Amino acid sequence: MIDKHQQAEFLLEAMPYIKKYQNKILVIKYGGSAMIGDELKESVMRDLTLLSFVGIKVVLVHGGGPEISQTLERMGIPSKFIGGLRYTDEETAEVVRMVLAGKVNKSLVHMLEAFGAKAVGLCGMDGNMLTCVKESEELGFVGKIVHVDTQLILDSLEKGYIPVISTVGGDDEGNIYNINADTAASAIAGALEAESLILMTDIRGLLRDKTRDDDESLIRKVSVSDIPSLVNEGIISGGMIPKVKCCREAIRKGVNRVFITDGRVKHSILLELLSDEGLGTMFVKGD
Amino acid sequence: MIDKHQQAEFLLEAMPYIKKYQNKILVIKYGGSAMIGDELKESVMRDLTLLSFVGIKVVLVHGGGPEISQTLERMGIPSKFIGGLRYTDEETAEVVRMVLAGKVNKSLVHMLEAFGAKAVGLCGMDGNMLTCVKESEELGFVGKIVHVDTQLILDSLEKGYIPVISTVGGDDEGNIYNINADTAASAIAGALEAESLILMTDIRGLLRDKTRDDDESLIRKVSVSDIPSLVNEGIISGGMIPKVKCCREAIRKGVNRVFITDGRVKHSILLELLSDEGLGTMFVKGD
Amino acid sequence: MIDKHQQAEFLLEAMPYIKKYQNKILVIKYGGSAMIGDELKESVMRDLTLLSFVGIKVVLVHGGGPEISQTLERMGIPSKFIGGLRYTDEETAEVVRMVLAGKVNKSLVHMLEAFGAKAVGLCGMDGNMLTCVKESEELGFVGKIVHVDTQLILDSLEKGYIPVISTVGGDDEGNIYNINADTAASAIAGALEAESLILMTDIRGLLRDKTRDDDESLIRKVSVSDIPSLVNEGIISGGMIPKVKCCREAIRKGVNRVFITDGRVKHSILLELLSDEGLGTMFVKGD
Amino acid sequence: MIDKHQQAEFLLEAMPYIKKYQNKILVIKYGGSAMIGDELKESVMRDLTLLSFVGIKVVLVHGGGPEISQTLERMGIPSKFIGGLRYTDEETAEVVRMVLAGKVNKSLVHMLEAFGAKAVGLCGMDGNMLTCVKESEELGFVGKIVHVDTQLILDSLEKGYIPVISTVGGDDEGNIYNINADTAASAIAGALEAESLILMTDIRGLLRDKTRDDDESLIRKVSVSDIPSLVNEGIISGGMIPKVKCCREAIRKGVNRVFITDGRVKHSILLELLSDEGLGTMFVKGD
Amino acid sequence: MIDKHQQAEFLLEAMPYIKKYQNKILVIKYGGSAMIGDELKESVMRDLTLLSFVGIKVVLVHGGGPEISQTLERMGIPSKFIGGLRYTDEETAEVVRMVLAGKVNKSLVHMLEAFGAKAVGLCGMDGNMLTCVKESEELGFVGKIVHVDTQLILDSLEKGYIPVISTVGGDDEGNIYNINADTAASAIAGALEAESLILMTDIRGLLRDKTRDDDESLIRKVSVSDIPSLVNEGIISGGMIPKVKCCREAIRKGVNRVFITDGRVKHSILLELLSDEGLGTMFVKGD
Amino acid sequence: MIDKHQQAEFLLEAMPYIKKYQNKILVIKYGGSAMIGDELKESVMRDLTLLSFVGIKVVLVHGGGPEISQTLERMGIPSKFIGGLRYTDEETAEVVRMVLAGKVNKSLVHMLEAFGAKAVGLCGMDGNMLTCVKESEELGFVGKIVHVDTQLILDSLEKGYIPVISTVGGDDEGNIYNINADTAASAIAGALEAESLILMTDIRGLLRDKTRDDDESLIRKVSVSDIPSLVNEGIISGGMIPKVKCCREAIRKGVNRVFITDGRVKHSILLELLSDEGLGTMFVKGD
């Protein structure tokens, strides 16, 4: 059995890793499987509470996936997809905002506070945070971020809150935009010049051999300069292409480390931060 | 025609009234008719922007009335009323939160910012602001506020934001509560020891003769000590009883002036604050 | 009749104009006709109180004109003019200081405070604000400013006071200098890198046709690069030449907008700031 | 000859005395002979500069005596005395303000700054500092202070300035009042709860035998409780009665030590503060 | 084998315990066996670094025991004991200061900083922290603390340092006093109104049956009101009497919890703080 | 006899000299004869108290010379010299730290506080202040400073303490280094970019003719560019070479004035600062 003495040792081992992030900004994109089961959800919120509590400035950016579809269906609003992407008309955009900013967001805030954290639920409209234009005319109100105002995020962090951010944005005409969560997290991390960005996904990380989901196949560290050749080799392909683009963009704007982490694994965020090797794939600027 | 010279004079006339509220907290309960038409809505948001802009610390508390019913209906969730009050089960409470905190709230924030104000949309879960228990077992999750944590409101005001607050609360078990907006505004104003509280309603104010909605019938000023006799005389009756109770409670906790104001009138808030006589009925402590 | 509703509308219309100047420094040179009648004087002080009150950092620089002559005459000190300018010997300089800093200044301060502003009366000696040398030997103690120390002005503004400044300066030998008020205001505005400088005058502004004092003849906006040609055309001539020089100097040092405004018009300062077109002539850097 | 070594010793001896006043407020009423000769005047200003410079919060309150009479005479305004006191009509009050706030005040400020101090010249109108009513109807605008607003004095001290204060006050109707300098200094020291108040006079201090102006006759320390018996014995009599009243009032409001000091002696302020025995008479609360 | 997942769980388990002490002051008296072996010493310093690092305000008070005797012997200074206590003449007091403040203290500071903490080594002379008189004439310079000046400790904590304090004090005559470390730690904790005080000892805690050093015999919690009866029963006796007196005194001055902890056990401080039951005996005010 | 009037004059004469250093950092290397007799020692501490007290930021760096030898001898540790320098093994380094940081340092702190200063005794380990490597392998732990961390010194000055610094340093392996006091003071002054550095020595200053210790032979001012030719002429030679090197290094890093001052003279520090000519030799950058 693990006794208290070992627990003390583990605490001490974690010290240098946590220290590295103390008083620094860590942006986490929360979504996918990690967001579905109640146990995993609570585990993530508890991990974030711990990080906030030891002095790391945590910013949580979340999407909402299945809950949006359920509510749309329930309200009898038909879903239309163009090239695999959801067409977002005005009514759909309002439902997206309602589900993300009203349901998912406040439920995460509520959970964080139950664990003892201070949290505040925001969306891209609050403090004019995310200003958008249409990504393309045919997709409707799918937003492309043209400006991030970080003031409200910084004010919240300064006062000790974890800002929990729904990925909906606005424009000067009062339109609502649905924004891809990876993209929003990358833009926010970049604008904040965060220390790190963690993208929680449903995969182990970047795999050298996609048929083998094991440690040997996992690429642990990627320099942004290596990305083109990894694309050429087909190692970065399909759905990984936009994700890797988000990593590269964040680093270009000043983020030091971006992680693609397996959100299906319990405590994946702590595991990513607690060891030199980490859990998934880390993107950095140089070698 | 009104020329610039007269405009300058009007500005100067407003000076002492605005000065009275500068650097003080003004809580506004926004609801009813004032919340329905787009023109009236924009007018209210513009008035609040002006007040915030001249140095008054505005806190906006809103309900959502008709929008909740529409969404429930659209989602096929049946409404059940007990003694005229909506029975709120868990599913209904989630829809209330979604509509208030996700739709109504963020839309008001968006509008305020379009007029140049800084605003942040909050609900009773954010910063553990409103802790509730059940008002009564038979009504389900209709919340009675047992604690108001004003820290997040004060932090927001200090940083220059108008906090826009949805009247949903929580408890330690993760339940969601639907709270009456007058009650919530009164509890928040009381906890903040606000200078004033304005309850926007669909009536002219307290009327001596309810059949006559005119200036002569309007009671302009009420001391809380006069309330019992006004109830006895039948002047305060029906739906006015809980409203007046909210006024009395706020004053008991330290609010100096509480107004019942006609939200159907354009610029009702400015009119209430711009003159000695005001627009509706003012409740004060003493004579 | 103008009712309260219209008043509210006017207030809202003024909002964007005032906002432009909020937390910015506005230097006003006060003199001429605007300083003579009691009604106009009080009107100016009330306008400045309003501006200070809505968050504009007002700095008032004043001369004293006729009051100096009256006191000199009363004290039996002969006046001597050289090329239209007053020769200022040591005794005259002392009387100038006494009248400006003791009478005119404190009377303006007294009036501002009666309207509710916080004000402090200063002269160029206080905080070593204005250091002078002789403009020319033959004029005696007519001062040319060689250094502006803005510390006391900034300290006063920070603490919420309107600094009211008499245009007398000093040097290290204890001499007193009489300074032209336009020049002093321009030097102070320049050293403060004020947002704007308003020179209150007894004319409508810069006129294309000096025989026609009407809107059509008024030049509303002048870029400093246009000044030479306006001088060549004779549009800027006579007493306007030193005034325009003050405008140009202020802009060269970083002031964004300089106005030549008709001080004979009631609320001229508010009118200049309340509309896009303004009242008199605005000087700016570029086009 | 005194060499540098002795100078160092003297500096060290002064240390504990200065330390006693560091960061404390010292109000000095400056008037009488100390204000006449240029050498004595400069010596006082240099002493005050030193005190300010070693961290004592110096507040200088001054009258103007002979200069007022000279200017009145020069302006042909007749002087009228009632029971030895000057009758002050409106015109006289304006001349008093002009001479005190415009001439004497700014000249002291100028001198202090020449010695390296930071100084700001104020009068009772600035920051609404001294609010007056008429002392008696028959004396005209001779002021009795009914309120001291210390904010501007405290703001000035906080920013490192020596506030130099002319003893003219105002009221809400715009009247100007001439105030006795001892009374004003006492009221200001009392409102500031200053550590000490020094009244510079033209006498050695309180003398046991008024015919003998020597050390033996000098009473060095007086408790306020001893005052009545000293009056009965005739030791406090004539012009000393109002002066001693000022001492007693200041102590009643919280000033710890009040000194009646001989302003005819060079460095009298330093001498009063540099030794346990002091120079003149010290008034304290208890024994 | 313990893997990373378990480590994360342990971290999370520690969260509520650490949180209890965050931003609170924890005084630790370090001495006895915990101070002898290098491994145990480093382990204690590492534990303190962790506590400081997670936001607890750690104050370390240490004695020096054997090192003093060794140095005295080496310098040929004879030791003299009176009733089991060391007689401390002037020369001995100087050696005590030299060994504690020069050797032991700076070596602890050096070690803390090697683990990443910020630390500053102080003694009772620094900032006039500990003022003493003689405990008794016959013991010489054994100090009884008559005043604790906490300013330097608070300044050090505010700037993020762990103050490491040697238990030597002084008086106004320049004498040096040797102070018992338990007493000094208790006085310092009391003056700071610390949250907790931990006395590291060479025993398991307060034992019901002194012959049985096991969990069953250990008294885990003692209210100060129970002390007299525990003394009567002989459970508190001998060397425990002065130790328990230190506990009682600290609680009387406002410390919430005082622990007698077994310094021979590795991570004893963390173990005391990581669980509800703790390691040794906890003294509290009430039940 | 010198009376109080002269004392006041002396105080005033000192004003401009002290003013030059107010709020600036003055590093003093204290050693040699000035450290031996009790009277001279107290005199130096009193001078420093005065300087601190009038607002100069004093940093005291001290060695320990004879006391180290005495303690080593008393402990029976043999001294070994290589080329005139003390070989420092591990045991010797520990004794050096014990004597400097435990005895000399705390005794100086104690004395400063007796005179009313606030002081804190530090060594190169505190706050990781002085990081060293071996100067040369053959001398053992004689330290060469490779990094100065000024944070703790600046924190102490900000809080109003005189930091008193023992010249022992450390490294990451826990080794202790004995550092030459002139070198340490120069490195500290350089890292602080102090206004001035005073090296207290046992000589009058730099002498043109070393056989004549009089005013005529004394070189009062040296530009660093003159040093090479002074070395060539043999005026700087022997023990002066490393001292002058310290002066040059400090100036190179940004110190404005470095003084070599005769510590045998009472009040030498005040004398150096109280006059334009000073006492010893001043080194400056340019001519």
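We call the chains A, B, C, D, E and F, going by the order they appear; numbering starts again at 1 in every chain.
Everything below uses one rule, namely that a contact is a pair of C-beta atoms (placed from the backbone, for glycine too) under 8 Å apart; a residue touches a chain by one contact, two chains touch by 3 or more.
Quantities reported herein were computed from a predicted structural model and do not represent experimental measurements.
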Next on the checklist: Using the touch definition from the top, how many steps at minimum link subunit A to subunit F?
Outcome noted: 2
Item to check | Pair with more cross-chain C-beta pairs in contact, given C-D and B-C | outcome: C-D
Checklist outcome for this item: By Cα centroid distance, the chain farthest from subunit A is D
Next on the checklist: Nearest whole angstrom, what separates the Cα centre of subunit D from the Cα centre of subunit F?
Outcome noted: 46
Checklist entry - In angstrom, rounded to a whole number, how far apart do the mean CA points of subunit C and subunit F lie? => result 56
Checklist outcome for this item: dist(centroid_CA(subunit A), centroid_CA(subunit B)) in Å evaluates to 36
Checklist entry - Which subunit B residues sit where two or more other chains touch them? => result none
Next on the checklist: Chain contact topology under the given definition, line, ring, star, complete or other?
Outcome noted: ring
Checklist outcome for this item: Following the ring of touching chains out of subunit A and into subunit E yields A, E, F, D, C, B
Item to check | Sites on subunit D touched by subunit C in the complex | outcome: 71, 74-76, 94, 97-103, 105-106, 109-111, 113-114, 118-123, 125-128, 152, 155, 159, 161, 168, 170, 172, 174, 176
Checklist entry - Which bits of subunit A are touching subunit E when the two form their complex? => result 2, 4-16, 18-19, 22, 46-47, 49-50, 53-55, 116, 266-267, 270-271, 274-275
